[in-house]
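For clarity, chains are labelled A, B and C in written order, and residue numbers in each chain start from 1.
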Amino acid sequence: MEFTVEQIAQVIGGKIQGDASIKISKLAKIQEGDSNSLAFLSNPKYENYIYTTRAGAVIVKNDFIPKSEVKAALIFVEDPYTCFTALLEQYHKTMLWSRQGVEDPCYIGKNSTIGDNHYRAAFSYIGNNCTLGTNVKIFPHATIGDNVSIGNNVIIYAGVKICADTVIGNHVTIQAGAVIGSDGFGFAPQPDGSYKSIPQVGNVILGNHVDIGANTVIDRATMGSTVIEDGVKLDNLVQIAHNVKIGQNTVIASQAGVSGSTEVGKQCMIGGQVGFSGHIKLADRTSIAAQSGIMSSVTTEGAKLFGSPAFDARSYLKSYTVFRKLPQLMRTIEELEEKIISLSSEVK
Amino acid sequence: MEFTVEQIAQVIGGKIQGDASIKISKLAKIQEGDSNSLAFLSNPKYENYIYTTRAGAVIVKNDFIPKSEVKAALIFVEDPYTCFTALLEQYHKTMLWSRQGVEDPCYIGKNSTIGDNHYRAAFSYIGNNCTLGTNVKIFPHATIGDNVSIGNNVIIYAGVKICADTVIGNHVTIQAGAVIGSDGFGFAPQPDGSYKSIPQVGNVILGNHVDIGANTVIDRATMGSTVIEDGVKLDNLVQIAHNVKIGQNTVIASQAGVSGSTEVGKQCMIGGQVGFSGHIKLADRTSIAAQSGIMSSVTTEGAKLFGSPAFDARSYLKSYTVFRKLPQLMRTIEELEEKIISLSSEVK
Amino acid sequence: MEFTVEQIAQVIGGKIQGDASIKISKLAKIQEGDSNSLAFLSNPKYENYIYTTRAGAVIVKNDFIPKSEVKAALIFVEDPYTCFTALLEQYHKTMLWSRQGVEDPCYIGKNSTIGDNHYRAAFSYIGNNCTLGTNVKIFPHATIGDNVSIGNNVIIYAGVKICADTVIGNHVTIQAGAVIGSDGFGFAPQPDGSYKSIPQVGNVILGNHVDIGANTVIDRATMGSTVIEDGVKLDNLVQIAHNVKIGQNTVIASQAGVSGSTEVGKQCMIGGQVGFSGHIKLADRTSIAAQSGIMSSVTTEGAKLFGSPAFDARSYLKSYTVFRKLPQLMRTIEELEEKIISLSSEVK
């Protein structure tokens, strides 16, 4: 899509200085971009860039007075940053949701329905008995298994696998390569040392406004459901085991893993590469520092934890400060021992 | 599939109380489910649920006497839990292995054969010179590269990539998105600071009764084979590097990683997010706690390890208990120093 | 492909002892292989294998004198290892790059072009406005989104997802299941406790001679580019967040994760399962031990780090040595306390 500087100035209510007919097709940082790019200058620290920028147009503050020649067209507004991000959002939404139609070949099984404004890419696969809402966008090589239910305004990127029986709400985005509903890791030990797999016949439920990262995996429940509540955001390469429950608006960073049947509370912040034992509960609003290991339930709301096994984050850092000095501390203790020995001999 | 309560009672040899004609199509927990669900009550702790359950029928113990009205049909047996899991297993197997036929379009290369009772989903891909046994189920977007050999009773879920030359035994299940046989990570440093890739011409061998988790990766050997022995169970997002060997019936939890040429013994239990250095050996029946790092060989069978670098798990926890008190310990030492100084001055 | 022992001896300039007409189709270790395999003997430690090997031919040193009967044909050269790896490399390249043509069905969008000698597997997908160079090999179920630019001599393995706007250089290999250009993990907290996604409109740039591991994920930038410079090698299951920059020839082992906007220097060696905080910088030639956590910028070039949070690796190991003795150290302190008490009483 292409807009003139004039059209953009109208949308954001700005005044133009320079060539109003310049064509803009991209948004860029002021230090990057080319003649078709629109940039912004908000922080005075970056002012130097405006005299050398290759961007075709720059949004600036109403009170901005150039100190030397500026080649780019300028659009003057009250708050350049807010205007720019509003444009960005608008542009992104338009691009994202305008995708429509069915590419050939793609596959849809028996008794499956999909609502209006859908996009089904070539090589996308929908199984039997699926119900998909309106405005669902399915990218290439996405698999949707049998008996899956999906709400409205859902984006399923390339190569996502949504296994049978999964239930997905509205306004959900699933990044490329994620797996929703693989079998839980459940095996019963046998007398001969081997393991027999326990059938995993439950499913996965994703609430509304859930975002799932690339190559993240969420296992189906053994029985019942693995539940990801409304507003949960999972980063890339996260592992959610069977029968786990993640509470509303909890955010989990990349490569963290939650073991089976654990319940994470609402509004928690889980750092990258954090691990959880199975069958424990985490209170609401818990913050966990990256790489920590949570080995038992956390019952106090709002706790901040660090370490493996994790405890209070500030206490962990205090202990760790001493840990760094341990060789020195050991020498101190040895010296004390010697002093006491010599002192004892003096006393006797 | 649908069964009456009467049919189910016959299969598990139980006596019915209530409506024997109720139709059952699902298995559920007693606190979940609907009128088409069959549940069970084994643990007396859950007895309350039987008076409120929405399940159509519940399997109970022969000696169960309701304390108030129960709406569900009851099936009385000696051991409800065993009966229920037997039904669950039967149901799951029937569902899983009944999938048959070839969906269109799917691809099969030259000189490749596949045995009876196979399922090949739309967009599944089989390369050249492959031999696949009977009862092989291939889900959408699975890729099977050239020269791959697969045994009988194997399930390959959506988007699995089995790279060229891989050998797979019988009774193997590979969850969605797993990669078997990617190139090992081998690069030779060059004088100019760059790296030259070392050709990886070996393969991967999976034994019988092996289970591989979703998005797990197993690299092919540089030469020879990366070997996953019979009965090994790998969870999701596990990394197995080139030339690794995992011994019989070893279980590896999610997000653990084994570096190149390391040999893990038989019957080991490896926790989540554990890491292994390359070129080391782990004795049989070793247990490793989650997030531990194994940096050298473990020669004693049956050891339990924790920490990074890992050592005896009980010793690690004892050290960690003191670690938590380190700030306090440091103060104690400082006090001792002061006391000794004052004591010395008194003595002199 | 098949060669006689005579042909191979000619290529590597060796003298034959035994049957020069034996047909070779594989390269193998001396303790593995069959009658069509070529092996080598370089290290005298492995000499025993030459008397029992099933390989059809073995490359040996000019001065090798068998101590008993050898069934395999022998090819005598100055340096068996170098000759063997040269053959290996040649063989591997020939196999890899000989793949050519277009399998049916595959998809290519509007205004997209691809150079000579390409391979496009069945079910491979190329979007609109893409430019792909010569000698590009695209395996099954690979997705290439809109506006992607790819150089020459690039291999894209099965199920790789290259999202819209990605720019890829020459001599790049991407292993199966990797995701390049998924949305960055950026969410703005809202007053009601929910999060609103921040549009991610940047892209990913991969330089020349870059290797990307299986199921690894590289997020696109919020604005601008996530940059992987020339010669970078990423192992499997690695996470690279939005706006990250990885410097030339840096090597990152499996399951490591780099958080948003962090800049990793050139020629760094990053161990497996290492984690990085966001918005920090790592100096050139830094080495980081496996499982370490980098929580602040590292400004000294060539540092070696360990721990979480990481510090000097040798210091970490010294502290860790004392950590292992902490329970004993605590008892020593308690004894010192008692001695001082008794000493004090004696003095008074």
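General observations
Basically, contacts are C-beta pairs under 8 Å (C-beta built on N, C-alpha and C of every residue); 3 or more make two chains touch, one makes a residue touch a chain.
The structure displayed is predicted, hence computed values, not measured ones.
Although chain B and chain C share one sequence, what matters here is the overlap of their interface residues, and that overlap falls short of half of the numbers used. The angle of the rotation superposing chain A on chain C, based on CA atoms and rounded to the nearest 5, is 120 degrees.
Separating the CA-averaged centres of chain B and chain C is a span of 25 Å.
With touch defined as above, residues shared between interfaces to two or more other chains in chain C number as follows: 105, 123, 141, 159, 177, 215, 237, 255, 273, 291, 323, 325, 329, 333, 336, 340, 343, 347. Residues 105, 107, 123, 125, 141, 143, 145, 159, 161, 163, 177, 179, 182-183, 185, 187, 193-195, 197, 199-201, 215, 217, 219, 223-225, 237, 239, 241, 255, 257, 259, 273, 275, 277, 291, 293, 295, 308-309, 311, 315, 318-319, 321-323, 325, 329, 332-333, 336, 339-340, 343, 346-347 of chain C are the ones that touch chain A when the two sit in their complex.
Residues 27-29, 32, 88-89, 91-93, 103, 105, 121-123, 139-141, 157-159, 173, 175-177, 209, 211, 213-215, 231, 233, 235-237, 248-249, 251, 253-255, 266-267, 272-273, 290-291, 320, 323-327, 329-330, 333, 336-337, 340, 343-344, 347 of chain A are the ones that touch chain C when the two sit in their complex.
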